[in-house]
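What follows is a pair of complexes built around chain A, which joins chain B in one and chain C in the other.
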Partner chain A sequence: MSERIKKVLSFLRKNPSFTIGLIIILITLFIAIFADSIVPFDPAASSPKDRLAPPFWSSGAKPGHILGTDYIGRDLVSRVFMGIRTSVFISFLSVGTAIIIGMTVGLISGLSHPGPIDSILMRITDIQMGFPFIVLAIIILTLVEPTVTSCIVVLSLASWPAYARVLRSNVMLEKEMDYIAAAKAMGASSTRIAIKYLGRNFLPSILPVMPMDIAGAIITESLLSFMSIGIQPPNISLGNIMADGRNYISTSWWITAIPGVVVMIIVLALNLMGDTLQKYFDPKLNK
Partner chain B sequence: MLATITRRILQGLIVIIGITVITFVMLRLIPSDPSRTMAPNATEEQLMQLKEQMGIGDPIPTQFVKYVKNLMRGYMGYSYFQKADVSTVIAKALPMSSILLLFAIIIAVVFGLLLGITAAINSNTWIDRLISGFSVLFQSMPNYWVGIILIQIISVQLKLLPSTGYKGIRYSILPSIVLALPMTAVLIRNIRASMMDSINQNFVKAAKARGIPSWSSLIKYSFRNSLIPMLTLFGTQLGVLLGNCVVVEYVFGYPGIGMQILNAIVRRDYYLVQGLVALLSSFFIIVNMAIDIGYIYLDPRIRKAQGGL
Partner chain C sequence: MKQNADVKKQQTVQPDVLLEVKDLKTYFYMPSGAVVKAVDGVNFTVKKGSVLGIIGESGSGKSVTSRSIMRIVDEPGKIVGGEINFKNRNLLKLSEKEMSRIRGSQISLIFQDPTTSFNPYMTIGEQLIEAYLVHKKASKEEIKQRCIEVLKMVGISNHEEIMKKYPCEFSAGFRQRIFIAMSMIFKPDLLIADEPTTSLGITIQAEIIEALIDVKKEAGNSVIIITHDFGVVSQFSDDIFVMYAGRCVESSPKKKLLLYPRHPYTVGLIRSVPLLEARKTKRLKSIKGFPPDMVNLPKGCAFSPRCEFVQPKCLEEQPMLREIEEGRMVACHYPLMDYRTSDDTTLE
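The block that comes next holds the complex of A and B.
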């Protein structure tokens, strides 16, 4: 066994909560990737005679429909799986987009500090952070068509300022270092310096935040879809399954409850991972 | 120091102006005509007249100049859908949301401190694990979903509290509990962490060595020491809280600022949306500005190293 694998294994053994989180996320990713081949039923096929069937543990459950059915008899497991696919796809991509925007802004800002470009970029960042996000999201999603792409872009607006600030302060600290001066003296281009040296410390500072941002994106995506301004039917999102169930909640609570529990489990797993990473990368504890 | 504070206030002003401009432009880009919604059967001519009355007849730049001029005179515009001045609508909705926020903050601070300190004192026992476990769990629940489930359990099944709408202070209880939950969880975790941090500091150890009981030194020294980071946390949490407030009001049909914003966006009630967005963001920005300035004032290290704020 190579040294690196041993290191990873001992990290996993020492941090059981991280391992639990990781396992849940791996299962979630598996469901998200293979959703259309592992769903037991067609998630869009209604069957009126099976409508509002309860989950398997209650009496009156219909065979096959493990988590029951919704108000027109669509299988809930299948819908939840497809919902997980949508949520995971959107939230991962939105955080990816946020990191790219944040890195670009942070790098330019940090390199041009102190100066007018830095000031302008930082005020834009402040504006983004000061704008009540949910209100901004709703305005944008009524302005443009609420598609998967527009949801990704809107959700990325929530988290890019944090990445921009982190990278900016990293760059500001690092660019005064001797080794950067040395690299400059040796004729390294500024792009090379930016990518090779200044981006170097970025990963440890964003890695702990990333899982939490993905978690936030999953919650916000499901919320926007629940408010019927996010993912629109016939596309399935965990949020619009909950919205479908809200009219029937007194009798068929599971339609709304189950997708919420799923969101909670995924978010919990991401938070557990984020917590461990935060402790791991905390400079105070590492010294 | 005065220069730093002035600069900080100027920055805050720029941000508020920026948000106002962006809201103004974005709203008017929405491809829909609010005058048509107001009067579905009107002729073109009547519509033009109506637009003029609603203050949306002119080209966008002219509208903006008029809006700013009105703002300078303290007039925030008129909500045609509510047949009232924007300031009147705000004056009606603001107390509702304030009650909600105030209750939520009180609940979160009381339970956050209580449980956070309890967890820190009993660190690594089952009590600590139970409290920490619950706080991670509550932090992971989607707020709006907790709202729906609690309405179902507490209002519909157990009939303990009213569910939606507003007919008295009892209607604020459940929404403020829902609003408080994630903040409580964050506070518990942070208070616990910063208390644990300062337990290991020398002055606490010294107090312990002198025979001062650990809980009393915890509260006297550790707690005081963890107040400054709490201040920053409050600033960032306020943004989350305001956002959640909009969501909770939506779930509970609670007639506060959040509900007004959502309705106003749906109806394209331009001036109302603008007024409410400006209100929310100014509140957030001013509080954070105050925290930053308070920080400069409180912490001598920051006061000295006044470079890049």
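The block that comes next holds the complex of A and C.
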């Protein structure tokens, strides 16, 4: 066990960009989980006398409001924390849903190739991929009530076809490989092969994409909320806060900029992790 | 009735026979509608502790025979007939679950290309352990002990280091040795080596054959070695089985076959092997023509278009496998009864 810890530590030391990304993501997750108890102010409570207070480094900053306040005097730190919670929750769940749908479709499709089931599933995937996602998201979110659940569903629509495709091509390639025949000749059953060999061999192609997909989901969610068709006001998301500052951007830039910077940092951290994972899971590059 | 029962008794009471393949037929049903009879009525037996060499050109059905025994024939291939009796159980009648219990534990298959027969995403150690866990639950120590034993059998000693590495970090020859070790984990009674040296260099070939001989000596199991190289079979098989176009053309004890081949195809094969003493005197002779088109086999003897001794009867009637001397079977209308490969009488 201690050997494993040593291995992890040496991996972290050798890949500083991954470590930085991981630390940022851990902090983000910590904020997301404990947002309720660490917020300095009630994120919904307005105080008109403190409205449009700038961040602490500018003149005219109000004590207590480190990152300033918005147009009705709500504390920006508290709002950003709550926004992180919503955004992280939605993006993780939507990517998780996408992977489950994509893996199932890809596995069934790849194993039944060539055949009618494979053709039908792949045509559905094609249609999904061929449709401009933002248009689709706008259509769906204007037709149904934009709640957290519907946001998760819409965002997962964006990435499942990619997972299905990757998995299908992997299964098709792998099931013909000698080592699958060898595993069979060693006495492994089909289910064991599917889980232990095929399942395991997909991780390298899926894990590096996952952080980047989560990053994409965070951006898209912010975008949808910024356009006021995503998360609706009593709920706070990073996009929502940015939208709040839209009318004040020439005088109070921080309302829009701060949640934007937060999105950027989270996305950057996720991409750093994805990059390193990609290198790590390729046995040919892994030294 | 009584006679029938007697015959049956005679067949089952053969204590030294480990594997008996009877009239095995494996056909491939192509999407175009054509049927490729890759293995078409093959019979052979493997005695306990003996080595059978199956030899033939590419596409003669050697590998399909071995995969049929393991019942891992790829789509669109199907085993359509015959019996494979292993320890008096017909493998073709077993359920998939029973069959997978036999695979790897009682019959092991060594693949042709060691560069693709390992999972590139798992370390050598993980794959050895996996090969063990497929059949048996055991403690880590026990498994490790067994892995070290089998690695030692093939002459690998620095196991600690090797178990942690990925397959891509080793040469093809080394990987093939590890694969032999892996297939010996449960001391299978039958080891099938499907062209184990084809993809390797000539010096490594010798190493692998030696490793196989060592393993066989230590475990005392039976081996079927499939090859197109007479050098490989002449080194360590007891009997040789020559295949052509999915059928057996000649089967015989090794020495007799190499010295007095009876089938024109066997003669052609042996003549195409370079011999040390013959290097000055004559050019190597090749068998003219190409291996047959498996979809449209010629009427009569499949070898007739390429045979130098062809007679009118050969073009009409397919020769059946018959015993011409004790222990020697030939499928030819006109076997070459007085052909010798060497004038050197000391070889006998």
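What we mean here is this: the second predicted complex is superposed on the first by the 261 of 287 C-alpha atoms of A that agree within 3 Å, B and C clash if a C-alpha of one lies under 4 Å from a C-alpha of the other, contacts with A are read in each partner's own complex, and residues count from 1 in each chain.
FYI, a residue touches a chain if its C-beta (ideal position, glycine included) is under 8 Å from a C-beta of that chain, and two chains touch if they have at least 3 such contacts.
Since we're looking at a predicted model, the values are computed, not measured.
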Classify the contacts of A:Pro204 with the two partner chains as first (chain B alone), second (chain C alone), both, or neither.
-> second
Once the shared chain is lined up, is A:Gly187 touching chain B (first), chain C (second), both, or neither of them?
-> second
Answer with first, second, both or neither: which of chain B and chain C does A:Ala215 touch in the superposed model?
-> first
Which superposed partner A:Met177 touches (first chain B, second chain C, both, neither) = second
First (chain B), second (chain C), both or neither touched by A:Met227 | first
Of the partners chain B and chain C, which touch A:Thr251 in the superposed model: first, second, both, neither?
-> neither
Given the touch rule stated above, what does A:Ser2 touch, chain B (first), chain C (second), both, or neither?
-> neither
Is chain A touched at more residues by chain B or by chain C?
-> B
Residues on chain A in contact with chain B in one complex and with chain C in the other?
-> none
Mind listing the chain C positions that touch chain A in their complex?
-> 70, 72, 74, 96-97, 100-105, 108-109, 111-113, 116-122, 130-131, 134-135, 166, 168, 179, 182-183
Using the touch definition up top, name the residues of chain A that touch chain C in the complex.
-> 177-179, 181-189, 192, 196-197, 200-201, 204, 283-284
Quick one: in the complex, what on chain A touches chain B?
-> 113-114, 123-124, 126-127, 129-135, 138-140, 142-143, 172, 215, 219, 222-223, 226-227, 242, 246, 249-250, 253, 256-257, 260, 263-265, 267-268, 271-272, 275
Which positions of chain B touch chain A when the two form their complex?
-> 11, 14-16, 18-19, 22-23, 26-27, 29-31, 136-137, 139-145, 148-149, 152, 156, 239, 242-243, 246-247, 250, 261-262, 265-266, 273, 277, 280-281, 284-285, 288, 308
